[in-house]
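In what follows, subunit A forms one complex with subunit B and a second complex with subunit C.
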Partner chain A sequence: MIRVSNVSHSIGGAPILHDISVEIPKGGITALIGPNGAGKSTLLSLIARLSSLKTGEIEVDGLQIGQVSDRELARHLAIMAQSTHVSARLRVEELVGFGRYPWHRGRPGPEDHAIVESAIARFGLGTMRHRFLDEISGGQRQRAFVAMAFAQDTDYLLLDEPLNNLDIAGARSLMRLLRQMADEDGKTIVIVLHDINYAARFADRIIALHEGRVAAMGAPQEIVTQDLLTDVFGTDAEISHQDGRPVVLV
Partner chain B sequence: MQALAVLGPLAILSLFIGAVPVSLGDFLHDPDSQRLLLISRLPRTFAAMLAGAALAVSGQIMQILARNRFVEPMTAGAGQSAALGVLIAAMLFPATAIWAKMSIAALTTLIGSAGLLLILRPLPPTQPLLVPLVALIYGGLIGAVVTFIAYQGDMLQFIGVWLTGELSGVLAGRYELLWIAGVAAAATWLIADRLTVLALGTDAARGLGLNVQAITAAGLAALSVTTAMVVVTLGAIPFVGLIVPNIIARRMGDNLRRAIPVSAFTGAALVLAADILGRVLRAPYEIPVATLVGVVGAGVFLYLLYNEPRHG
Partner chain C sequence: MAELTGNTTAPRAKAGAEGARAARPPAMGRRLIWLAVAVALASAVYMVYGAKGAWGFILPFRGQKLAAMLLVASCLSVATILFQTITGNRILTPSLLGFDALYVMILALLVHLFGATGYIALPTGLLFALNTAMMSLLGLGLFVVLRRGARGEMMRLVLTGIIFGVFLRSATEFVQRLIDPAEFSVVTSVSYARFNTVDPVLLPLTAAVTLPVLWLAWRMRHRLDVLGLGDTVALSLGEPPRRGQSIVLVLICVLVAAATALVGPMAAFFGLIVSALAHTVTPTERHAILLPSAALTGCVVLVGGQTVLERVLALTTPIAVVIEALGGALFLALLLKRKRA
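Then we have the complex of A and B:
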């Protein structure tokens, strides 16, 4: 479980988050949504200890963020940062291999190799494992990064807008992979999404942020309503339903 | 392996080329030739290889720390800071031992490179060409300070020796500091994996549990020591740290555990080849290795810039 208690945060004097308290239960996909500037990415980076926590407390599986070492936390929580633009020119299999770094710290053993192999197979990277990251498509690259996070073998996986720059096929296949990881491997996935429809379609629960506060929280069916669109997103798009899940008609 | 295959013959060739012609038989039987070998040719060959390897590796590390492929210590302020250190040592403590001067140069290089990282940090990652531009200006600025101080102190000629690297003065007993550069460069291989993780970006590296500050500090220390030692013993040699890592990255990527040794051997071969060429072209006069590498390097750099197949 991820427990966020009374977290406030400001960047350069500008308040971003106001007294946020949420609990994200173990298992399933939790989507953070909200308009630009709502504080979604900031909240995620605080949970991931990439920004330093100043006010409030965050606990991941009982580990106190800010107290626990980066090294220890890296075995519980993997992050896929917003920009996967990496200047390093690595092969796909090398990248996935570095997912094991928190466990072997430079000396991979047979178990590490086995996990990397299974990650490569699972995410369908076998045919491109020897290719460099800058030689494959954006969707394939995102998949390689998810495979790396998978190889990190943590219970929690945090992703910051992974669908950016992906076409619809890439975005859907990535969300399906995440769904699979949540359902079959019992991973707890927290994901910042721009598009409400992806959240409504793939997430188990949604946390909507608005101006640094939690505006709504719950299952997609309960949360994605006309009121949410008006109050939080400031738009009057209509909502339809498909297989019991809400769909925003854009 | 290819780099080694080139380096071996070059090293042997280097022993036979110079103002005094010698043959293999001379080295075996003639005591004068043997002395020449031990006092001049062998040290010079080692010096060229050590400097080349150290420069290539330090360039690779700076490119990771700056997160940009187009920077290298000699033009980005580290080389100039080392010259500043030499100048400060010469003006303020003229009587101190060489190791003290060397330490001062290493220290100013460390400060100079750390300063570069500080001013590069706020630059937007979406503008990759800003980094080498700012780095060049920064290096030029420190270089100007060096020139100004040297001018004021009537030491322009003195400092000129350190601004253009060359190997004609290398003799046994006068190049051994370069072994420190070689050791520092070799030591980076021990943290190669960590440096590669760092190259994934600060956030990704922390996400993998890497101690980013510690590895950055270790990288800075290694590149400062190597740069300072090369400047103190031979003078500044530009472009090696730029073109070698770029060529290696294109051919085999940035997995440093594999790339660092290849970079080192390639850098060694490049500087040794340039030095041999410099001894031959106008024999019995010499062309400084920095000049030759500069001419070749500028061309290769332009080629790399215009043929960058991907972004940043």
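Then we have the complex of A and C:
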């Protein structure tokens, strides 16, 4: 479980988050949505310790952010940032191999190699394992990063807008992979999404943020409503339903 | 270097286990051995080529210069790789941090104050101590810049270094105008790295400072791999980037400051050329390969270059001048070649 208690945050004097308290249960995909500037990426970066926490407390799996060592946390929590640009010229298999670093600290054993192999096989990277990251498509690169997070073998995975710069095929395939990791491996995935429809289609829970506060939280069917669009997103798009899940008609 | 040979077998063994496959990464271990052979060859040629006179005099005399070159080349090459890793940029060099400029300014000031003869009469130990103290201060300043900065701190550090370097160079230019033209020639001749006048006491002292630092860099090789992945990925893998960058910056400062205090400023292009060559010879991001590869490449370039310059062409020009002159062109060529590849 990820527990956020009384977290406030401001950047350069401008308040971004106001006294947020929210609990994200273990298991499943939780999507953070909200209009631009709502603070969803800030909240995620605080949980991910990418920004340092000033007010309030955050606990991941009982480990308090800021108290527990980075080394320890890296075995519980993996992060994928918005811009997963790596300046180093790496091959796909090397990148996936780095996922094991928190466990072996530079000296991989046979078990580490086995886990990397299974991650490469599972995410369909076998044919491009020797290719460099800058030689493959954006979708394939994101898949390699997810495979790396998978090899890291953490119970929690945080992703900040991973669908940016992906076409519809890449975005859907990435979301399906995450769905699979949540369903089959019991991972807890927290993901910041820009597009409500992806959240409604793939997430188990949605947390909607508005002006630094939690505006709504619950299953997609419950909270993706006309009111949410008007109050939080300030737009009057219509909502239809497909297989019991809401779809925003853009 | 003892770890070097022990390490070379690892990648080959791993590659063998995976079986032959197209486009597989090349075995780097063997290339490191070739580089070591090249260093040994260059050193041997430097020691014996064109020797006239008693061996009892020539060997210790040349041996000391050779040791200084190997030490300085290793320090600057490793420092460049470290700097490129923490900045995530392969066309940067630690000479941007302003150590060279500081050295030249201190030199110009001293010549202005004491005159050329006064400067030459200064004890080398005192000069070394002064230079080391000033460079430590500069290093401390850079460290504060890095720790204070909020976001984009590495870029801020680089820009601060560049601006500070420009400031120092203009100040130096001003001081140089005050110097007597005859004495000015002393400044120009000493403001490039020279290996002929290495002090027999300072050399072991510098080695005592830098060898442990080189060893620390080697110890950090796996952490450096992770730091090179960028801030977010490094943090996700449990390697907080700010802490790592700070430690590495300290290592860089010690290496560059000690090497510069010992022989004077090496050409800014030296590190760039060496890192580009090392990346060409051993195309990998693994610091277990890259650090020894860069150190060996640096030794080949410096000792080989000095041998050709001093023995074959019989020139007294400092090699730093030649590297500075040819380096720009060679570096551009390397950059363009990599773009096409």
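Note that the second predicted complex is superposed on the first by the 250 of 250 C-alpha atoms of A that agree within 3 Å, B and C clash if a C-alpha of one lies under 4 Å from a C-alpha of the other, contacts with A are read in each partner's own complex, and residues count from 1 in each chain.
The rule we apply is simple: contacts are C-beta pairs under 8 Å (C-beta built on N, C-alpha and C of every residue); 3 or more make two chains touch, one makes a residue touch a chain.
Since we're looking at a predicted model, the values are computed, not measured.
Undergrad: After the match on subunit A, would you call subunit B and subunit C a fit or a clash?
TA: Clash - subunit B and subunit C, as placed by superposing on subunit A, overlap.
Undergrad: Is A:Arg176 touching anything from subunit B or subunit C once the two structures are fitted on A? First, second, both or neither.
TA: A:Arg176: touches no partner chain.
Undergrad: With both complexes superposed on chain A, which partner does A:Arg49 reach: first (subunit B), second (subunit C), both or neither?
TA: Touch partners of A:Arg49: subunit B and subunit C.
Undergrad: So, A:Tyr101: does it touch subunit B (first), subunit C (second), both, or neither?
TA: In the superposition, A:Tyr101 touches subunit B and subunit C alike.
Undergrad: After superposition on the shared chain, which partner residues are touched by A:Lys26: those of subunit B (first), subunit C (second), both, or neither?
TA: It touches nothing on subunit B or subunit C.
Undergrad: Scan A:Ala78 for contacts with subunit B and subunit C and give back first, second, both or neither.
TA: It touches subunit B and subunit C both.
Undergrad: Looking at the overlay, does A:Asp134 come into contact with subunit B only (first), subunit C only (second), both, or neither?
TA: Only subunit B is touched by A:Asp134; subunit C is not.
Undergrad: What part of subunit A is shared between its subunit B contacts and its subunit C contacts?
TA: Comparing the two interfaces on subunit A, one with subunit B and one with subunit C, the shared residues are 48-50, 69-75, 77-79, 81, 85-91, 94, 98-99, 101-102, 106, 152.
Undergrad: Could you pull out which subunit C residues touch subunit A in their complex?
TA: Per the touch definition, subunit C meets subunit A at residues 21-25, 88-90, 221-223, 225-226, 228-233, 235-240, 283, 285.
Undergrad: Give the list of subunit A residues in touch with subunit C in this complex.
TA: 48-50, 69-75, 77-81, 84-91, 94, 98-99, 101-102, 105-107, 130-131, 149, 152
Undergrad: Would you pull the subunit A residues touching subunit B in the complex into a rising list?
TA: 45, 48-50, 69-75, 77-79, 81, 83, 85-91, 94-95, 98-99, 101-102, 106, 132, 134, 152
Undergrad: For subunit B, which residues are in contact with subunit A within the complex?
TA: Subunit B reaches subunit A through residues 64, 67-69, 125, 193-194, 196-197, 199-201, 203-204, 206-211, 249-250, 253-255, 309-312.
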